[in-house]
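In the two complexes below, chain A is the common chain; its partner is chain B in one and chain C in the other.
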Partner chain A sequence: MSSSIVLSNNNSNSNSMSMIGQSPPCCSDVPNTPASEEMTRMVKNVVASWEWVPLGKDKVGIIIPADQDHRQVHKSRFVDLLEFCDETMKVKEVIAVFGRADLTVAAGFPRTLRYVGFRVVAPENFPPTLDATTHFAMTYVV
Partner chain B sequence: MTDNMNCGDIGGGRRRRLVSATYEGVGARWKEQLRDVSLAVYDETPQMEEIARKVASHNSMENGSFFVMDASQVEGAMDEWSRSLSHCSPFYPLACNDDPLLLELLTRKKICNLQVSTVAELERALSLVSPSRIIFHSHLLTRKMLRLITSLPDPLHSLIIDNEDSAMDASSLNPYQPLLLRVSLSPDSDSIDLAMGMPIEEAIECVPRLVRSGVAIVGISVQLLGEDEVERARSLIHLLSTLSPYGLSILDVGDGIDSQSMQSTSFLLDCILETANVPHMKLMSTPGRFFAATAFTLITCIVGKRSMDAGVITRREEDGGTQGFVYETNQSVYQCFSNRMMGEKVHCDPLPLIPSTGDGPAIESAILGSALDSFDFPQRHARLPSLSIGDCLMWKEMGAYAVRRDDEFPIYYYTGRDHWNRLNGEEKDVMSDGGSEGDTDGESEMDDDMTDIFFRVFN
Partner chain C sequence: METAMYMRREVIGDSKVNVTEQPVDVLPLARAIAEAKNMKDNDEAFMIINLDALYERFKLWKRELPQIEPFYAVKCNSDETMVQALAALGVGFDCASREEIDIVMRMGVAQERIIYANPCKTRSFIAHAEEKGVTMMTFDNAEELEKIAKHHKCPELILRIAVSDPTATCPLNLKFGAEPVKQAPELLKRAADLGIAVIGVSFHVGSGCNDPSAYRVALGHARNLFDLGLGLGHKMEIVDIGGGFPGGEHHTPFEQIAALIRSAVGEFFPEPEVRLIAEPGRFFAARPFTLVANVIAHTAVPAEKITKNACDAAATGHMYYINDGVYGSFNCILFDHAHPTGRPLFDIEGEKYPSTIWGPTCDSLDQIEDKKMMRALDVGDWLIYEVRYICRSIIDRYRTPTIDNRPDDRNLIARSLQDMGAYTCAASTTFNGFQRPTPIYVIGERTWKALGM
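What follows is the complex of A and B.
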């Protein structure tokens, strides 16, 4: 896609635009509790480079590299992570968070996630702490 | 529905579903009721473009977009399936499109069954059909799902699992729940990902062990169609030949069947079963797009336009120096074009509100979505006549992976009188067959009230 083909933003995308300047999520936002430490272990057990961050009361974000190779993701460990989020972290949604830079959404890991049941989060529905201009998010109800 | 809803409500974040609305024109029309869904019935079967035009012409469309759904297309798809693949039971996946009328039409005859992948979908499916017509297949099957499924009073048709531990767990919770083992036919084990299933050699090793342990493995589930089809067929023959002594009786060949490939797929399946020497195996598949896509057409509106060098749009040097256009439409990949992220290709045509207008020389064009971000390109390249802000675009075959019930998107259901009469006859059959009571009372009413709803929504 050519970046030159972009119209001026004169429509209703005000919610996402208002997030410009907010900090992206990072693992420093993770609380220091035994459950959080176990959550970190579970996340790293799926893929070592993954991180996570709480996104409000009943959501957690799993921060995934844009170039994640689906072949490196162990399915049973991923399911273990979802179960842990449900049973121990007591969250309702797990949100896969990608950086927009270098991400291809119609292929690669986002497409795999879509295939297994994750749904794309519209920019206007992003959790307040997530910057829609720099991140792409997909949600799964556990 | 609120009386003061305006067009901004329709196209923006607060979208609401009209269960149905009808409108003037296209001959005499009546409001009819199929279970809890209203649809417009026309004495003569109308063209989809005519319906879309009539709805759009009543709509100021500045920020509205909507679907029209031709109910007769669903029956056409089921007839086609019955003609060409009658020996292969379809299990339609709710994840593809869980529109209430679509599900009603698919399940009212006993041709089509359902596939679900979440607990919420299972609850919906159980409200429509008996458990014996439902398969559960979650690529992310958790213990919670397993406990729920195995605690149902009656077992489902089958539960698809992809590892030995899940099979043992399911069997220990309910030994009477039939299981299908999901197997990847890919020759390259490196390509196995979250979605595909157990490697073939691992399946050959574990099925005998599971059968000896008393686990109710009744069949296998594969994705037969797609890239490397011949190689997959060979692998499947090897798998079936090896496992046939263990009493497997069901083969699920997955999704991917379309109108063009039905005959060849039927022939391929027969050859596989004959070569593997398991001719009496029951076949099933999980076609989503085949049943859902053609019935739904999306109408959107152009809300922005900009002139641009055609060479930039087509990425061809020879087009440079000529004028092209980039249009912004009022839907995005975060809404109805989310199917683009499933690899669906979408294509638009202009929908002039006055027939026979809107012609003109084809100009290199591109369609942007309303999110105006780098992912939001519903159609990267189109050849369209010069259009204006406020003009409508018509996107055909948008029923698969584009709209979900909880999106509450406006959908206008319609069909012709002939099709309605057939449905009405089937309704009586369902009732006399002990089906649940529906709302159809055999009486029609002119749709003035629905037209009123239409005006309240769009004006």
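What follows is the complex of A and C.
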């Protein structure tokens, strides 16, 4: 996964996500390292359609479709991913990123994440590469 | 500035607590504080935390469910002064993170009064619990069981089963909890094979439970698993009935839920040696908190823009921006199906206009109230907020699309003004830079003595 990931509010894709090769007003490139490749495998192991991006030095963003059904998320694999972020990626925060289009916060996957310990990120505290007007983010301290 | 309103000041932890001679009356207190702030050109939002209301909730719990020990769910609101007051009352704590364990233990709470109940436990969190001496924790799958066995020397596990009230305001993800008939017995056997102590069974019917019979169903499953666990050699001694207890007025009153629980407990767990615990969050946290926020900007707009009704094109509507929002104290709007209903702090008669209340962030999600009929306000005026958990149908009925067919919002304002604490401060006090309203703790002399602090 070497191209940039653009999160777009206007995309008709259910997860409001597209991958294009130009520099976007959002996320930077995923580095091509063994740890990154393993991270991609861990993310895909939770849900195949999920993506990830580094968000600065000590944060990673997990890009989750707005309409993610919690019943399709394997809990143990999700915990494995959090542990990988902690122990191998050595990040301080894991940020769940959703496109705002079609997102239902109270009834959707964000609510499930809150039970796990994720908290809402206020727009003014978004990582600079992420557009707060088109995304909703929750952060988890590992 | 406010000292004249109080008898004296005491200290709980790092917080000053204002003690009043009479029981706390929040509305006049809020008005007096706002007037004092106006004198100083101070427009910061403030939160009154009425510890009398907290004590009343504790007494209600003890009256209705005396045989069940409350373990307060810290994730609901981690306000340290409230946590310390609850600790003084002998309440235990349900912690979901390292941070929450640290908060509670910093208040002097012994590890025996803590249950670690995060549904997704990472290795480092389990290790942290062990380091702090916290042994009681929940589990609901084999991988978690084996991980705890590997990373904690002496865990005392509580098997969590999935028995949810589908009509609850916020039903829990059924993935959180083992299926009670087939999967849960297998987990008890697996724990026995691994030599790990299972000491009880827990469940959570979901927040804002509307069907208290869910507790009875769950207790029936717990009884079966208790007996099975005893047969496998586990020292089963705890039943954790979880949370879901309403924090304020609710379709199903707490007293009605409690009566059913008492009856079901008597039926399924009559043995006095069984330790019964629960994890109430909003039950304690909702009532004591009252938010008072300031209008920081105002725009007059065609009423049509608010009501979305062309008939209102010639009428006036108002949009107000206040200095707290969904990324602060109103976080409950995003997640909790809450519908805070504010009103001007000071009663002044005046024509009512369709109004929308926004938080301070210019973010499209940061809307606090919409299509509200309210008298005109100026920048610098104050609004007082509670949280009401009322039927969706009632909300819809009151949100009628035209100006003329709308009742006064005060019909929705219930007796109490103190309902702003559940799932609010917990989100607004952490590392994400949310500006927390200035907390003002108040307590009546009688409650202060009862706390014995």
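We adopt the following convention: the second predicted complex is superposed on the first by the 114 of 142 C-alpha atoms of A that agree within 3 Å, B and C clash if a C-alpha of one lies under 4 Å from a C-alpha of the other, contacts with A are read in each partner's own complex, and residues count from 1 in each chain.
Everything below uses one rule, namely that a residue touches a chain if its C-beta (ideal position, glycine included) is under 8 Å from a C-beta of that chain, and two chains touch if they have at least 3 such contacts.
These figures come from a predicted structure and were not determined experimentally.
Set against each other, chain B and chain C touch different numbers of residues in chain A, with B touching more. In the superposed pair of complexes, A:Asp86 makes contact with chain B and with chain C alike. Shared-chain residue A:Thr139: touches chain C; no touch with chain B. When the two complexes are overlaid on their common chain A, residue A:Phe78 makes contact with chain B and with chain C alike. Contacts of A:Asn32 after superposition: neither chain B nor chain C is touched.
Overlap of the chain B and chain C interfaces on chain A comprises residues 70-71, 73, 75-76, 78-79, 82-83, 86-87, 100, 105-106, 110-112, 114-117, 119-125, 133, 136, 141-142. Looking at the complex, you find that chain B touches chain A at residues 12-13, 63, 95, 117-118, 120, 138-144, 162-163, 165, 190-195, 303-304, 306, 308, 312-313, 315, 326, 328, 332-335, 338, 340-343, 366, 368, 370-375, 377, 380. Within the complex, the chain A residues that touch chain C are 70-71, 73, 75-76, 78-79, 82-83, 86-87, 100, 105-106, 110-112, 114-117, 119-125, 132-133, 136, 139, 141-142.
Those residues of chain A that touch chain B in the complex are listed here as 1-7, 9-13, 16, 70-71, 73, 75-76, 78-79, 82-83, 86-87, 100, 103, 105-107, 110-117, 119-125, 133, 136, 140-142. The part of chain C that touches chain A in the complex is made up of residues 75, 96-97, 99, 118-124, 141, 143-144, 170, 172-176, 326-328, 331, 334-337, 361, 363-365, 427, 430-434.
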